[in-house]
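There are two complexes below, and they share chain A, which is joined by chain B in the first and by chain C in the second.
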Partner chain A sequence: MKHVFLDEYSDLRSPVHQLDPRAKLVGFAALIVICVSTPPDRYAAFAAYLGLELALVLVSRLPWRHVLKRMLVVLPFILVVAAFLPFFGEGGGSYNLGPLTLSAHGLLVLWNVAAKSTISVLAVILLSSTTPFPELLKGMEKLKVPVLLTTILSFMYRYVFVLMDELQRMRRARDSRGWSGKWFWQSKVIGHMIAALFLRSYERGERVYAAMLARGYGGGTHTIYLYEFGAMEVGFMVMLVLFPLAARLIS
Partner chain B sequence: MHIPDGFLNTGVSVVTGVAAAGAIGYGLYKAREELDERSVPMLALCAAFIFAAQMLNFPIAGGTSGHFLGGALAAVLLGPWLGGLVIALVLLVQCLGFADGGLTALGANVFNMALIGTILIYYVFHGIKLLLPKSRSAFLAATGVTAWLSVFLASGACAVELAISGTSPLSVALPAMLGIHALIGIVEGAITVLVVGVVLAVRPDLVRTYDYRPVAAGLGEAEVSG
Partner chain C sequence: MHHRPAVEIKNLRYAYPDGTVALRGVDLLIEEGESVGIVGPNGAGKSTLLLHLNGILAGEGEVRIFGLPVEKKNLREIRRRVGLVFQDPDDQLFSPTVFDDVAFGPINMGLSREEVVVAVSRALEEVGIGGMEKRSAYHLSYGQKKRAAIATVLSMNPDLLVLDEPSSNLDPRARNEFSELLQSMRITKILVTHDLPFVFENCERVLVMSGGRIVADGDSFEVLSNETLLAEHGLELPYGFYPSPRGKASEARNREMES
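What follows is the complex of A and B.
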């Protein structure tokens, strides 16, 4: 069945896809921290961050449609929390736009959150769309994230697709029986579906554990790490840290 | 309610980040203690369940829809620390996989939805339970109130963090967030009650916080299929 894939397009081949996940994790995290801590009036610096990311999207051959669609995720939060700010903010002078008065301070705050969240979200999309999730977890493990945490996450990744399929079958069964939910009181069906999903998930967990024990599970998993931290990785990290830092200092 | 990057200042990010990391660390410790090696498959399946359940839209009115959050459900079914850990895992995957919630705001999101919305809310639930008679219907009523409070308090914490960061003034953000989530919370409460009711009827042993025995409706395990 077709559903939302967590790490869609991470199976493409490109110079960015082939990098060691550790370099991408640290590099993109550094870019986000640098971007978030930049004062909002350094417009040239934000342009430089965005330019670097757009270049990486080109190099990694990700489809633009996919990138733009994923970027929409920040829009609702900006609309609810920040879109009204220019009309309420105080101080810093104001602009008149016909009958509307826009506060300069409010506009600056709106620009600040919109620019920073857009650039950061693009960085995470670049990371997750160029790195298969299991490889990302192995990279995290190499960076000393607790093994218990990464193991649980890798099992979660393994089973989330199974449960999504389960949910899709339940949804199809519901809809084929003529359900058309429009009103709140019709939510009873949803409650029962979630309960059924929980019971099936939990019982699957028990079966998975029994199957693991039967195969000699003793608390750990061993896998091969295929990446090497070479010149490409060093170059990539230098680019993702030094270029934004330089742009920030110069602007 | 997933705060993106750029909305919080350094202080808020660091303080909530440290608190969140501490809670996750203690959750992992409790998981090892309570579930030992079973913790890997059980917590992974529970987290995947919450993740999938959040994708299921329910109708609100005239075609608009919302989705389930599950903080209170995790607390009632799994207890405070395992429940909080499961919600934190879901937030981590949403952040890394969908860019839903920022990397530097991950601590704040875990703080709001796992620490307040699940762990703190468990103790509120425990308190409400003590005040009510020991019956199945009172248990479900406590569950519903807790689920509403979970959404309400988490959204309030979110508004306070945004105000401390200087993003949106408290006088505007707090009433707006609380108002919207007071409504969302009603649906969350109703769904949580339904889910817990069904699980209590079919496999009461899976509701960790339900300690009134015997269960009124005597449906056995044979009722579960698939």
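What follows is the complex of A and C.
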């Protein structure tokens, strides 16, 4: 079965794709921190952050459609909450919009949330679309993220679709036997399915562990890192840290 | 140096924690270079036996691999020498990419970065899926997954290859190609399967397991043409398949065409 992968387009070739994942992890994290900590009225700084990100989208040759689609998945949730802020905010004068009153302070908060979430989400999209997830995990490991955590994430990446396929097959088997889901007593079936899925995953876990032991697993890292931290990486990080920082201080 | 068989098992007994007795006294000797098939009905103890070959399970009795007793201090060496491939490639391939999976064993063995890279590409070439390092196992075909699963142990340069149900779920073409791949590998092999023709193609020697014991052990042709023995232990050859004493199923077909 076909699933949309987390790291779609991460196998393109571009200067951004080829960078050491560590540089991208640190660079984009820095950009997000700088952006989030910028006072909302530094409009020029936000423009600079966005400009930098759009330039990176261009350089990395990501399809715009893909980037927009990903933004549309995340942003509405944030914006729906933020859209009500101008109506409840107080202070800083107010504007009349027909029967409604908008507070200037509330508007600024809306702008703040919208701008910062857009820039942050775009940073995450850039990171995940230019770095294959396995490489990202290796980068995290190199940056001293606990191995336990990266191992869990790596199993999740490997098995989430295997599990989804399993669920799909169970659903088909269920529906083939006339399940309609209309009646209250049929809800019990869903409980049974969850239990079955849990047991299957648990058993798979045991088999996978046996397969790991069989190949000499003794805990610890089990990947090797093929990237070198070179001039490109340094340049990239300088760009992603110093440029936004300068933009923020000057504006 | 005195003679050391690849596998030497004496009176091996094992019961699972829930009390199910799986092995009731298994004695087995496999010489280096042999290719042995283990057949038997479900629940006969075949997979349990396999898990003893590299110390994942430990029962009562004695198991020696190339002379080394299977015990804690030898596990590292034994797990390098015994390449155990599990039935479901989705269990065997647990890493995010094929490269990481094939590199898993060599890294655990403590090879250097360069050695690991070489071992991985060599193992993938050997099973015929070279260049698929960066793929996710999820995106491979079932036949490719089976091959990748074998590569994950070949990269450790094992001396004994142990395969659980190697031909299951393969379509006829993938099955034939897989059989050819196995035949091309000059290494001691143990195959556990229900697929009797597959055993016949790949092994000179067959063991029949039933009820936690080895009930028959001998030349493939003799064991597999003994219908009474097979029927007694819930096995039978597929309809239309007749083993020939010359060994290979393809030769049997050729002979029929000549006559």
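Convention: the second predicted complex is superposed on the first by the 219 of 251 C-alpha atoms of A that agree within 3 Å, B and C clash if a C-alpha of one lies under 4 Å from a C-alpha of the other, contacts with A are read in each partner's own complex, and residues count from 1 in each chain.
Quick note on the criterion: contacts are C-beta pairs under 8 Å (C-beta built on N, C-alpha and C of every residue); 3 or more make two chains touch, one makes a residue touch a chain.
Keep in mind the model is a prediction, meaning the values are calculated, not measured.
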| said: Please determine, from the superposition on chain A, whether chain B and chain C clash or fit. | reply: fit
| field | Touched partner set for A:Leu149, first chain B, second chain C, both or neither | value | first
| Touch check for A:Tyr95: first (chain B), second (chain C), both, or neither? | neither
| field | First, second, both or neither for A:Ala214, with chain B first and chain C second | value | second
| Which of the two partners, first being chain B and second being chain C, lies in contact with A:Phe229: first, second, both, or neither? | neither
| message | By the touch definition at the top of the document, which applies to A:Trp179: first (chain B), second (chain C), both, or neither? | response | neither
| query | Touch check for A:Arg204: first (chain B), second (chain C), both, or neither? | reply | both
| task | Quick one: name whichever of chain B and chain C touches more residues of chain A. | result | B
| Thinking of the overlay built on chain A, is A:Tyr43 touched by chain B (first), by chain C (second), by both, or by neither? | neither
| task | With the two complexes superposed on chain A, say which partner A:Phe133 touches: chain B (first), chain C (second), both, or neither. | result | both
| Distance of closest approach, chain C and chain B, by C-alpha atoms in Å | 9
| note | Where chain B and chain C land on the same part of chain A: residues 133, 155, 157-159, 162, 204, 208, 212, 217-218
| request: Going by the contact rule at the top, pick out the chain C residues touching chain A in the complex. | output: 51, 54, 56, 76, 79-80, 82, 84, 86, 88, 90-97, 100, 103-105, 107-109, 113, 116-117, 134, 136-138, 152-153, 156
| remark: Residue positions on chain A within touch of chain C in the complex are 5, 11, 132-134, 137, 154-155, 157-159, 161-162, 204, 207-208, 210-218, 221-224, 226
| message | Can you tell me which positions in chain B touch chain A when the two form their complex? | response | 2-7, 10, 24-25, 28, 31-32, 37-49, 51-53, 55-56, 58-63, 65, 68, 77, 89, 92-93, 95-100, 102-104, 162, 166-169, 172-173, 176, 180, 187, 190-191, 193-199, 202-203, 206, 224, 226
| chain B-touching residues of chain A, taken from the complex the two chains share | 4, 6-7, 29, 32-33, 35-37, 70-71, 73-74, 77-78, 80-82, 84-85, 88, 109, 112-117, 119-121, 123-125, 127-128, 133, 136, 146, 148-149, 151-153, 155-160, 162-164, 166-167, 171, 181-184, 186-188, 190-206, 208-209, 212, 217-219
